[in-house]
């Protein structure tokens, strides 16, 4: 993100509860006292969203899945037009994993395709990196080359 | 599960924390005071595991993802041979969703393929059901036919 | 197809040449002296299309792939509104293979999703059967149950 | 392939018949009078195989599918240990398409994963390029960067 003004949010440092699925309750969703609202406000304030996640068990982290599951609540939240707002943004995915991520990470990419498709948010691209320990990914030449190209693109969008 | 002795665990009624990824900490994982251990013990006590989940945002629920993410901790837990034990079991998946689940649920099936593959647990089969509201799936003739065949199979395994 | 009026076409008994890709030739596609036109006319004359293929190397047979590749030619053929016509039909897929077809056949299902999506033809369903030798699939209870449900559906559409 | 000694084979310029599936015939496969044998000999003579294909209808070209389908014949051909020989090689895939290839080309990558897995040939990597007309792909910066990295790798293997 060098040279690109941005906000970085670590979902694992936030308190985001798993969804309590009240989609079919006559009263709808109850409000939840956690950090979700704060994060979603930041999301809505930005034009480009980068979903960066380790590949845990061939999917996004539970932290991120909890966050995305809660979108079902935001879709019904009268305070904002959640779907329409996301539809005006652009989405990228960055996923890093240790077990053949460029092949075994593909179901995750396909899942994001459907997620973004559901809210009408253009899926602009993704980078898959290989690495087990923190820092390993820096030795993945291809991921680094991809990241540089994305960096140039994002700088151009300012 | 009619006529099949079984234990049913609702992950959403359990307190299972998102993983605190300490795989690369010299001390390893700290123990977590939640219901995970209790659930994993039940898992290890059974021969057949059925992972039943609503399809939330084209993936397993955050509740289930949190549970699976924690397997990284169990893999390193000296109290049991987690991987070997799972390798002796059989796994099934049942997933129900509202948005073309038989197509858009396929990345989830592929993710489970890799999850089960990683621990060497045979992926014996899956049922994808269509339904939005609780109960809807009962009108999905094909899912019901699939479930009856599975029921017969499971009865035969006793 | 018991009780359902239908036309059955065996692509392997037809002479269908691989595409000569002239999409970007100023003159466009040259006509090809093979059975493709005859088959495409039969396709356009029906309301429901069932793409039945053995799973060869985790994909549709080369016979069928050659046939589908030629659609690029039909899309540009002034004799009919190919895309619009297909958009009014309904598509099903039946695929049988010997190596874990319900998991390893899923990329093929996803490919058909994109194929049908491109021409706007609703993807109404698919059946994956397991079997190696001709006839084996008849012992796949689940595929047979699926086929009976589809048979009932198709009878109801008449 | 700059600076890398190689043999380039255009399958579309070869006469390769669709498979006549005689796997279950008591006599086995009959020999076919086309260019398949010549191509397979070249394949067996090399250490690294790059499967380069346009993405036609979200899959490999019919020309390439016909070629791969015929491997079923080579697997039973007593003149060589086909599977073992492939298992000692390394495989790459290069696929270029015009309709969101980095997402809609993923089932093709997954298909190749299974194909290579079946013969035990390591799947070393893939490049997906975007382009419609011949030459377009040269403007896909990311594909070009990927190709340069692969070029360096292949040079290093000599």
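Going in written order, the chains are labelled A, B, C and D, and every chain counts its residues from 1.
Definition applied: a contact is a pair of C-beta atoms (placed from the backbone, for glycine too) under 8 Å apart; a residue touches a chain by one contact, two chains touch by 3 or more.
These numbers come from a predicted model, not from an experiment.
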Self-check item: Other chains in touch with both chain B and chain C
Solution: none
Quiz item: Where the contacts of chain A and chain D overlap, which chains show up?
Solution: none
Quiz item: Any idea how many Å lie between the Cα centroids of chain B and chain D?
Solution: 36
Practice problem: Determine the centre-to-centre distance between chain C and chain D, using the mean Cα coordinates as centres, and give it in whole Å. | Solution: 23
Quiz item: Considering chain C alone, which of its residues make contact with at least two other chains?
Solution: 106, 110
Quiz item: Between which chains does touch occur?
Solution: A-B, A-D, B-C, C-D
Quiz item: Taking the complex as given, what residues does chain A use to touch chain D?
Solution: 102-103, 106, 109-110, 113, 123, 125-126, 141-142, 145-146, 149
Quiz item: Touching chain D in the complex: which residues of chain C?
Solution: 12, 18-21, 24, 54, 56-63, 65-66, 68-69, 71-72, 99, 104, 106-108, 110-111, 114-115, 118, 133-134
